[in-house]
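Structures follow.
The two complexes that follow have subunit A in common; it is paired with subunit B in the first and with subunit C in the second.
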Partner chain A sequence: MNDLNGQTAFGHAADVSSLMEKRRRNGLVWHIVFVFSTTLAVLFLILLVFSIIDSVFGYAVLRNDVEPSALVAGKDSVSAFSRSELEDTARTRLSSGILRRVEYDKPIAERSDKDLVSLIEEYVVKPKVLKTWGFWGSLTERKAIETYIAENEGSYATFRSWLTPSFIMADQSADPLRAGIRTALLGSLWIILITFVFAFPIGVGAAIYLQEYAVDNRLNRMLQLNIFNLSAVPSIIYGLLGLAVFVRFMEPVTSGSFIMGTVDNTANGRTILSGGMTLGLLVLPIIIINTQEALKAVPDTLRMSAYGVGATKWQTIWYQVLPVSVDRILTGTILALSRALGETAPLVVIGASTFISVDPSGIFSKFTTLPIQIYQWSARPQGAYRNIAAAAIVSLLILLLLMNSAAIYTRDKITKKKRLEA
Partner chain B sequence: MIDPTVHPFGKKMRIHERLIESTLFAFALLSIVITLGIAIILIRESYLFFSDPEVELWGFLTGREWQPMIGRFGFLPLLNATLTTSVIAMALGIPVGLFVAIYLSEYASDKTRGILKPVLEVLAGIPTIVYGYFALTFMTPLLRSIFGMETVEIYNTASAGLVIGILVLPMIATMAEDAIGAVPKELRLAAYALGGTKMETTFKVVIPAALSGLSATFLLALSRAIGETMIVALAAGAGPNLTFSPFEAAETITGYIVRISGGDVSYNSVDYNSIFALGLILFLITFTLNMISRKISRMFHQEYE
Partner chain C sequence: MNSLSLAQVLQPGMEQSETEVKKTVLKLEHVNIHYGSFQAVKDASFEIYEKHVTAFIGPSGCGKSTVLRSINRMNDMIRGSWIDGKILFNGHDLYDDQVDPVLIRRRIGMVFQKPNPFPKSIYENIAWGARINGFKGDYDELVEQSLRQAALWEEVKDKLKQNALRLSGGQQQRLCIARTIAVQPEVILMDEPASALDPIATGRIEELILELKNNYTIVIVTHNMGQASRVSDHTAFFMVDDKRTGYLQEYAETEQLFLNPQHKKTEEYISGKFG
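Entry: the complex of A and B
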């Protein structure tokens, strides 16, 4: 009797319970691994955001060419100057060439105080960034900053935000303290506009064909497979396509010389039109796939009832299917356009990455975009460029956020309207 | 009186309809034109590249030095750097992405999922140039402080690879979760009925059942990593270098294309043609991976639908 004690169908009770213990422990270990991995993914996002925000705010150690106190005794900053002191300094301290240009643009007497302060700071005081600290560094490395200032004569620290209204409004400059993103921002908006005009009608049209008209035959299956393949082609390949086709082969069209005769030829076909169309090709498969998903969600009963009352195919699509799916189509399109807004590689490949400080004036202008600007600033080794790159990144992310919230807002509005009508 | 011969949607209307249909068809056909355009241009310019007297195909495929200035066109250094960054990216992205997917589909409560899914979507929506900045300003200093300033160069493939891994992570997690979610519930219930723990069910039943979908996901992620450009352009370094050390700077295929085309390169030069030849290779690699991935995932769809 005793021999049978503790025996189960699976073996000895002690063995079974130790096996169970082991299995339970294994389960727990893996559970921890899964939770850890997920935490890691969240941590990456936090670190990403932190590393960007960190560079946007912080101490910058500057040194002036000419101290304000040397211009007007007893005043440490230009903005403390009185009106007459500002005008005097501007007239006496600006070099004659600059003074002539400034007076020609707008006489000094008519300029505002703020205007004069920035003039004097730009051409007379000329602060230079020696070194910058991130937000975290500014909090924890006070000592190092103080030693650095002590070691470099005439230098002083200011705590600054690199993302300011003037950063957004200023144009491109080689000086990180004055550089801004206006040109790049306008370039990005122009590019997105061309991309939308080019890719939206074609994308939605192709999706309607594939979803509503296409019968299941070889050609249509090939079309579908091809679109999936295109959506996975690396973006840089589209850049090569754009370079060869839009920039080089179609140069007379993309540079605008076919309608305007001779135009500014420095663009060489590397225009907004080329860039927008290149990105249009890139997002076309995404728009098609997203629109197809939207059309798939429309119930077939709607189509059948339209046919039932005698509507033709196109009438059914135009008056029934599209109005029901327009919110999803728009959301899908905006998602595709946000992808285009953040694309860098194809635009660099078609040659958009030269130094450009003139605002784009139309589709035949040379251009730069926010991501390209970020790329150029990040690639520079000097500290302050990293800070303005981070500020540009924040601007880009805010722009993306605005676009996506606009998508959600319009979708909700249309959905609500539909519900009221129903 | 209604004339029965004049149908409200008469002949005129039908021509209209047919016109619309053919226009839409033409739009759909444009996608084929794009693919053909890519193929023709890459092949044409590559042909020009290989017909250059300085370049020979065999030397291109086996050469260990890429120095267009002195007529050395061996693309192994570029390929090697691309593979290094991609392997590092996969080493981080696949396990973490898969584990996140398992956690989301098998373990997480609806509430946790509701928080985590948007996090993944945000990660996936951030432009790659931002990841490049992250690699340069966060990952590289981190690696340098861990492994030492002497070992880790300012530009290195490890930093770029790890950040590409973070970039493909949300994509892997989302697609893998779809694959795992497609496994019928009955399989899990059967495994529980046999006394399997959650972990055993996941690893011995669910993952094997989802394997085709998962491998398709991994291949697609690999293809994405190979084609990734801005991260390597910023963080991996400029200048081809045949090395197996992930802590050294080495230029990848995409990094080279961006650097050369970013400068003012004149048409019909060997430099100009070389980026198309490299583009062709990149296209062939990623296209093959995508096709295999598609084939595998088609098989998996047939299994359960």
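Entry: the complex of A and C
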């Protein structure tokens, strides 16, 4: 029977080896397919990262309204001015309206050099971006840059990073050189906070009910099915829902007028509260499903052993099931919140502001968010907006990364503590 | 007639007086258990006596675990399962509307086939059951006492804070027994408690059972005929009919059932002809 040369139930030895050959070949083909798809995915990722980074650094060709050398002979840059030159220039060259406001805020004599330099650059020198090159272009198209400068009288090139500390800290502005993302960043943080506070308890609660308590009847099966469906609904639909329910119907609540009387802002319900709750609705099904999966992964033997020593259902869930599933629940929540942080459409639908220069100060403020800001900037035709859009994208990615690391850190803290006292 | 059980032959010094009166702790009356439309057990009636070990034996699928789980209402947890007939615990119907199954499970504890300690420390494994049941006494003492009773104390006394999942399978099973003891039940149900263990660990569990029966009423499911004869005083032999419904074929004192079975099927089963 086991004679390798003879007839066995698996065929002649020759057949066996040709079959083996075929099996190996099949395996190899699939192996190649898998390697190929992985490589392709990595390539796309690299391409994506490169295209973003490419726009963040590079040459910008600028032209000043007034050359620094025209203000003080022989000095090419405002930062080379002496103290008295700075003060003089500020007093004589600022338009009288601006001068009055500036002096009112803080007398020129008391301002720092740096402060005066940026005042003069902003209101007197007024550099304008003519054209920008990406990082790659800056390396390869030197000729074109030089010709461009030669063609445009008074223009000069500087190599710059569009993502700078002042870009993060500055207000919104129509001038790409001065525009920043502070209001949008704060708006995003506020929104995500509300989303979390709104969706996490409800989502986890609903998941516990559905997974641990709900009996297997038609109503609950339908509920379950609908939650799956809801998680697949396009986000813009949630925007419409948020507009109808939070912005319009619940306006007295979401605008804050029910506790603060009439409110003087012009938000009319298009507030952080509305935005956060809209995104909360959006991520709710995701949190529910993720939490249910986490609870499903807890073996029934654990529940049985808890019941076996006389635990009630709630004690079993609270002391045994949740501690071992909190890991996955939080991971699922982090993923859901990351999704919310990047959402644009629903917030645009409920009427998020596109240009505000006041920082959001609470849940009843108007707001804009980073993705909205990015969308706004990338829709502009002028080159420099593309660069600051890229810089904002990088900021958003960094924010996501920070948020996720912080969340993962706390999650590991919690579970580690659990394991130790375990 | 020889009134020494096999267990007592193996464990001299534990024999009970011949005049002892057996007190009934649990009484099953015409119990039928169903899973949905499938009847798993039909018409089981027998009694379980205080501070005795009762063994359930029988071929796989005959409903031993099902009957065992119905005794502490663990079957309530299984969707679609239902029961009729009566199970009396100290004369009270376990399935009465007034009865809280949570309370029953504290008084009738359970040890499972696969060792399943909580993923917590050894200490907490024992203390948790007591705590959720509102135990007011000294926890350190409770933990030590329970571990001693489960013959585990010497092995773990220096690592009470260690995670229980790091213990060996046999130690884990003894921990599960200790955790059951800690809530001071009257009855301990054990579903094949040694089937996942090696012969030495099995031997320790068997010794432990004989030790525990001084204080507790024990019901044990086992596929090991030797084990049943070594540890139990009474044996219930279950069979399946042609609809795969389990029924009680024979119930007797262990030694009676093994030495002098009344049914042909019992004889065939204990001599290893099937099952």
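Here are some notes:
One rule holds for everything that comes next: the second predicted complex is superposed on the first by the 366 of 422 C-alpha atoms of A that agree within 3 Å, B and C clash if a C-alpha of one lies under 4 Å from a C-alpha of the other, contacts with A are read in each partner's own complex, and residues count from 1 in each chain.
Simple rule for what comes next: a residue touches a chain if its C-beta (ideal position, glycine included) is under 8 Å from a C-beta of that chain, and two chains touch if they have at least 3 such contacts.
Keep in mind the model is a prediction, meaning the values are calculated, not measured.
When both complexes are superposed on subunit A, subunit B and subunit C sit side by side without a clash.
In the superposition on chain A, A:Leu45 contacts subunit B only, with no contact to subunit C. By the touch criterion stated above, A:Gln320 is placed in contact with subunit C alone, subunit B being left untouched. In the superposed model, A:Thr301 makes contact with subunit C only, not with subunit B. With both structures placed on the common chain, the touch criterion links A:Tyr213 to subunit B but leaves subunit C unconnected.
Put simply, more of the residues of subunit A are touched by B, taking subunit B and subunit C as the two choices. Look at A:Thr312: by the touch rule set out above, it reaches both subunit B and subunit C.
Looking at the shared chain after the overlay, A:Val233 reaches subunit B, while subunit C stays out of its contact range. Contacts of A:Thr344 after superposition: subunit B is touched, whereas subunit C is not reached.
Touch criterion met: A:Pro285 reaches subunit B, while subunit C stays clear of it. Contact with subunit B, but none with subunit C, is seen for A:Leu400 once the two complexes are overlaid on the shared chain.
Closest C-alpha contact of subunit B with subunit C, superposed model: 6 Å.
When the two complexes are superposed on chain A, the residues of subunit A that touch both subunit B and subunit C are 310, 312. Against subunit C, in their complex, subunit A makes its touches with residues 215-216, 301-312, 315, 319-320, 323-324, 419, 421-422. Interface residues of subunit A, counted against subunit B in their complex, comprise 23-24, 26-27, 30-31, 33-38, 40-42, 44-45, 47-48, 51-52, 55, 201-203, 205-206, 208-210, 213-214, 222-223, 225-230, 232-241, 243-245, 248, 281, 284-285, 288, 310, 312-314, 338, 341-345, 348-351, 353-354, 371, 374-375, 378-379, 386, 389-390, 393, 396-397, 400, 404.
Listed in rising order, the residues of subunit C touching subunit A in the complex are 72, 74, 77, 79, 102-103, 105-107, 109-112, 114, 116-121, 124, 128-129, 132-133, 163, 176, 179-180, 182-183.
Within the complex formed with subunit A, the residues of subunit B that make contact are 8-9, 13-14, 16-17, 20-21, 23-25, 27-32, 34-35, 37-38, 41-42, 45, 95-96, 99-100, 102-104, 107-108, 116, 119-120, 122-123, 125-134, 136-138, 166, 169-170, 173, 197-200, 202-203, 220, 223-224, 226-230, 233-234, 254, 257-258, 261-262, 264, 267, 275-276, 279, 282-283, 286-287, 290-291, 294.
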